[in-house]
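Next come two complexes built around chain A: one with chain B, the other with chain C.
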Partner chain A sequence: MSQYPDFAFEINQNEYLAEGAREVHAVVTLTATSATGGAAAPAYGAPAPGAGGEKVEVIIIDCSGSMDYPRTKMMAAKEATKVAIDTLSDGTYFAVVAGTEGARVVYPTGGHLLRADYQSRAAAKEAVSRLHANGGTAMGRWLGQAGRIFDAHPNAIKHAILLTDGKDESETPADLARAIQASIGTFTADCRGIGEDWEIAEVKKIADALLGTVGIIREPERLAEDFREMTANSMGKEVADVALRLWTPKGAVVRFVKQVNPTLADLTGKRADGGGPLIGDYPTGAWGAESREYHICVEVEPGNLNTEKLAGRVTLVAKDSAGVTALGEGKIRAIWTNEEEKTGRINGRVAHYTGQAEMAAAIEEGAAAQEAGDMPTATARLGRAMDLALESGREDTVKMLRKIAEVDPDTQRVLRAKSKSDVNKGDVMEAVLDSTKTVRTNKRTGGSGS
Partner chain B sequence: MATCPDGHQTVATDYCDECGLSMGGPVQVSEPVSSAGTGGAASAYGSPGDPCPNCLIPRQAGDTFCEACGFPFDQEGSIGTGVWPGPGAGGTTGTDPVGGGDPVPGPGPVGGDPTPGPLEVDPVFVDPVTIDPVDPVGAPAATSGWIAVASADRAYYDAVVAEGEIDAAAYPFPPYCPEREFALDGDTVRIGRSGKKGSVEIDLTGPPTDPGISHLHAVLQRRPDGGWSVVDLESTNGTVLNDDTAPLPPNQAFPVEAGQRVHVGVWTTLTLIQRS
Partner chain C sequence: MTVGTAVGTGPGATTAGPEADTAMALQLTCPKCGATDLEADQASRFCEQCGYALAEAVTGDEEPGTAEDPKPCVSCGGTEIDAEGYCTDCGDLQPRRRDRMEVDFKAVAGVSDRGLRHHRNEDSMALGPAFGPDGRTLMIAVVCDGVSTSERPDEASAAAVKTAAKLLLAAIAGGSAPDGPGPEPTRAGPVETAVMETVPETVVAETIAPETLSPEPSTAEEDQPRRGRRADLRAVSRQAVIDADHAVSGLARDADHGNPPACTYVCAIVDTDVTLAWLGDSRAYWLDERGTSRALTRDDAEEGSHAIEAWLGADSGGPEPHLASFTPDGPGVVLVCSDGLWNYVEKAADLAAIALPGALTDPFTAAEALVRRALADGGHDNITAVLVPYPVQPPAEGVSTTGVSRQP
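Moving on to the complex of A and B:
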């Protein structure tokens, strides 16, 4: 049986509420340290036995015809897949799937998975060399094929990498939705789009449901490093299915549970029964040695003045063949008081992430408005995003916004959004996707405390 | 169970399970920015009300062992390794009986007949036993001096696994299972799990919960000579005596002498002991 990582909980909140106030915000920081004591990810080219239990990795590569236009995309995809294969830890079960209007398992060919070792890696890389671009795109079928592969290893840590370059043209949105639904809870997936011809919204549906990230690769030569990083990250996972279990008191309403760091992901709609009417489980996927932060907002029945209530009890639970294991606990508290200097404060970390989330939403809405030709809305939203980026010291976001909007050279604030024909689509996509990554501290003020 | 200031019954003792009201007295004046609640290392499970890392039942003040499952709180190194399923406060279990679904597939024992009196002695062949499943334990007879000790039996479990009956990974042997004593009072002592089929005297619900025990699994019946017989009540996974491998045929009484063992479920053994 695998060892679980050790989890430390940190709760950041202002627990003081004014009389009659109901809304409680808290940022929960979860830091997992490896049970095996060492660094999680093996070095490139030197695979070591992985941490945690059995692992299965499926690499899905878009082999539609467009991957040859330009040919550098297909070449980069093959190179990156070989790098990923070399990054697998010894003993990892793995497969490579060529995705077209169908999905073909190009390695292994025997119908059951083999563990990564010198021979299997060589055979797999040889199969990858023979990949060629020809066909359509039906990502739902790719997910279905991956699901069938994973079915044979129900208790393993299961992860897929999905690479596409275009739209999901060979199936209906309903097909894709059905396939996504069938994959939820079975495996996690990180998705990448190469070039600019793919739809962020489509790929985000897959990544959001499967608790993974979406990224854009604009320069094909960058793909290999990205694949290496994703694979190394996957190899560092030690426990497959961890849920954030939230108890709230009777009469309380959970407004939201959102992951806010390292990337933004709204878990509110993924609540599952946690074993009682007051308890909900929010899936967080697999964990290795890492740290993540969650912003939780609960609305509670106000208590009397000078009383304290628990607004939320947060536990992490691992669910596997051994049952349910609690991995730690944190408490979100609420204290009603008249002291204005206590209730007036907003906890710095809560404020920081509220701002980061608003910035990401503003960029997404601004980009959509720009695409639709609605310039006033685009200007307003991108302007708001720029203000938040400047406030929080997100230089990376400021740079990206400058490519898609006209800014005042002195203040850097947005004067107007550029029109659709004046912007590079890739720049817009990059700005939207980059904003879903967050930083922990406000780089301007240097800290995240209040 | 405790009562919160608003009158709710609560299992947790730090904040009420239902309304969240603090049970800890005057409001703490703490750092307004961050409070670190740790889990997983060192003294994380040191406060009353914190869930047991194994079964999630809130810890009682002053406990060094979990009252529900026996997990030793002072063994920090074992945090995270006790992984057998327990109901806990809101915990979910993966403990479907090995046979899958409701453990008593056929018609349960028929109710209505009064509890039989002392049986005619015929250790091999007896009429099927009828027991009213809803009947609560009657007026206690004089204590017989007999007890049954329930324990998690590694040897029996290994034999079950070796027979190929279960997958050890799916149904692991529980690392922590305190022994429990049951007095054998009266003439009929039911073995199983209390619940929808009524209550049983030897209730093996746990935690830890043996996944192979039926609600009404078997019954111990007093013989006229003061000794005991065991009857399997058509349990899903059967009842095994001593070192046998084959389960007992259902609805037939088999004598069990002092010191002998009755195996039920995946890893549970009841040892009969006569105290004079």
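Moving on to the complex of A and C:
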């Protein structure tokens, strides 16, 4: 079986709780080091790492009629797809799908996948050159087609890139939901929207379910670099299906399990049975050499003073044809004490990510209120977001918020949200999407290891 | 065979004194199985009943000698407890051996208790007889108190006492100072002088008179071998602190966030003289019934403050321990303890009033009484008390034979 990356496991929390307190918070930091000793992103033409780590990449390009308005969108999509093909590691199986109201496999045409090499890359790029925009948008069918392609390689590390420029208007929302549901656990997907005529909420549903990211491409010439990055990132993956396995004591409630770095992603609803009623598995997708952080909140029955309870045991597990392999483990503890000096400590990481998540939620809610014309709510939420952005030193976010809200030039605080007619839709979309990217903190004030 | 300080238990061996000669070996209770007919000397260092190696000091944290039936969870009655002591049902941490450690060798005994306000016991102790190559039996007592603001202080103190005791037993068995620094550490003199001259005002009355603490006593009985032994034991004491510091430093991890495991240290080696080494605010006392009870150590802490200025651990900066030795002028008991005890009973005379006269013949019961007093007064901290009767002696006839290192 393939080698797994080495995982370093760190838990940051303040395990000391005041008498009667129920909520236990912890930030889990997972850092994987490549099992093959390779870098996270292999250079062009490098062989796929890990002898057993077969990979399949499917690139889905929106070829609806609107991709020609402006024409630069279709041109950029073709260019970016070619760059992605060139970024594939040698030996990677790959396919290109043209998405319209249907989903046509434009490469390969012979029915079975070919490995990336000089010839297959050239043939694929030739096919991409002949793509043209004509038709509707049915992302559910695109996902279905990708699923059929992946089916022939059940044990591979499977990833899709999906590019769209519009709304999913050639099928019903139920069709899309069914297609998403069928894809969960089969492959992961990163999604990009080009232009401003697509719906964040719609595309986010796909990306969230398939453990990927959503990004907006406002300038078509930046698409190629984005595709190159996504492909390189995918090529660096060494293990396909990794889950956070969380044991919690009887009577406990898992309030949430969120990925908080590098991007925010709520995994709470993705809980799957991990072997018994007290154990749940939260999928984290594929891993290469990378580091991510997760914020876990468990509510437990308070214990007596000066007693300790295990509030959670976190195990990182890889699931593949070889079965389930534990890659690391850590404890979330709870100790009840009257010592205020201990209970009063705020764990720097927990506080930081609590703030980042609140900021992202405030921007999303503020943008929705702005769209709906609810100006008092929009002002309040964007104001809160600005406070948090300033607090955590997120200068880019501050700049983005200034485009969608009027700001006091001296204090930088939000005076009022701009009205919908006064803002550029792309600016709002960018602010919303950017807020789900988080920065790391080294603050561990009063924090305590596992 | 000449046994320097041990007092025989056979008929006629009734002379008790620092230099009493006797051919009888010291009688001890086996710390593992409780066997009382244990004759421990240089030649037989293993319990004949269970094979326990007496070359190890006992901490009270040992695995039980026999497999215990798994006990149900104290909170929910669940029957599955994981390897770390958590109930796999309700998650509650089960009572640990460390919560209450009891060691009773009869000739030396100690009790370490979690107290009432801490969720775990961060103190550790190691005690037991040490056998010299000439057949002498000495007693060692080490107490370390984990610094509660450091990471994993319980592991720090446990590593420190075990490492120090191991070095002490080996070095004493070898009959000389261990390799490394010379027999008389260069800084031992000045440190000792500092101890004598800068005792805090409040404990002056209880402090050892300079002549008894002098590095070179000139009493008539003083002989050359004894002076040499004393120098050796100081060197050994110092090396034990250095070893313990290395052991605790080795526990540090990247994830310690600048607070690597740390602990205090105090050790007494009771021979014809008492040799002391310490760092931090764990203490040793001399207790007797002649009105000369006194503190033997001086805290490394600002007066009236709990912030200690010296400790063992990765951020200790290679501490130089305080060293001292003194010769008691009659029977008494050496108390080695953590601040969880002396925070409640600080004056030597008050400690003596609780411990004596019982401690002379049954140090375990006296150690229990001291700990009980600290618990009754609030038990705010972990409490550890180790008592070594002087002169080194076996238990009196008729004392019940409690197995040591037991779990209440």
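Note that in this section the second predicted complex is superposed on the first by the 432 of 450 C-alpha atoms of A that agree within 3 Å, B and C clash if a C-alpha of one lies under 4 Å from a C-alpha of the other, contacts with A are read in each partner's own complex, and residues count from 1 in each chain.
Here, a contact is a pair of C-beta atoms (placed from the backbone, for glycine too) under 8 Å apart; a residue touches a chain by one contact, two chains touch by 3 or more.
It should be emphasised that the depicted structure is a prediction, and the values quoted were computed from it without experimental measurement.
Once the two complexes are overlaid through chain A, chain B and chain C clash, as defined at the top of the document.
Using the contact criterion defined above for the overlaid structures, shared-chain residue A:Val324 touches chain B, although it does not reach chain C.
Legend: residue contacts after superposition of the two complexes on their common chain; A:Gly383 is shown touching neither chain B nor chain C. Contacts of A:Ile335 after superposition on the shared chain: both chain B and chain C are touched.
Touch criterion met: A:Asn347 reaches chain B, while chain C stays clear of it. Looking at the shared chain after the overlay, A:Leu316 reaches chain B, while chain C stays out of its contact range.
Legend: residue contacts after superposition of the two complexes on their common chain; A:Phe7 is shown touching chain B, with no touch to chain C. Residue contacts after overlaying the shared chain place A:Asn155 against chain B, while chain C stays out of touching range. Residue contacts after overlaying the shared chain place A:Gly275 against chain B, while chain C stays out of touching range. In the superposed three-chain model, the partner touching more residues of chain A is B, compared with the other of chain B and chain C.
Clashing C-alpha atoms with chain B appear in a single stretch of chain C, chosen from 4-12, 40-48 or 76-84: 76-84.
Under the contact criterion defined above, the residues of chain A that touch both chain B in one complex and chain C in the other are 10, 247-252, 278, 300-301, 303, 306-311, 331, 335, 337, 449-450. Against chain A, the residues of chain C that register as touching in their complex are 75-76, 84, 86-93, 116-120, 151, 253, 255-257.
Interface of chain A with chain B (complex): residues 1, 3-16, 35, 155, 245, 247-252, 274-276, 278-279, 300-301, 303, 306-311, 313, 315-317, 319, 321-331, 333-335, 337, 342, 345, 347-349, 449-450.
Against chain A, the residues of chain B that register as touching in their complex are 14-22, 24, 27-28, 30, 32-41, 44, 50-54, 56, 80-86, 88-95, 169-170, 172. Interface of chain A with chain C (complex): residues 10, 247-252, 278, 300-301, 303, 306-311, 331, 335-339, 444, 447-450.
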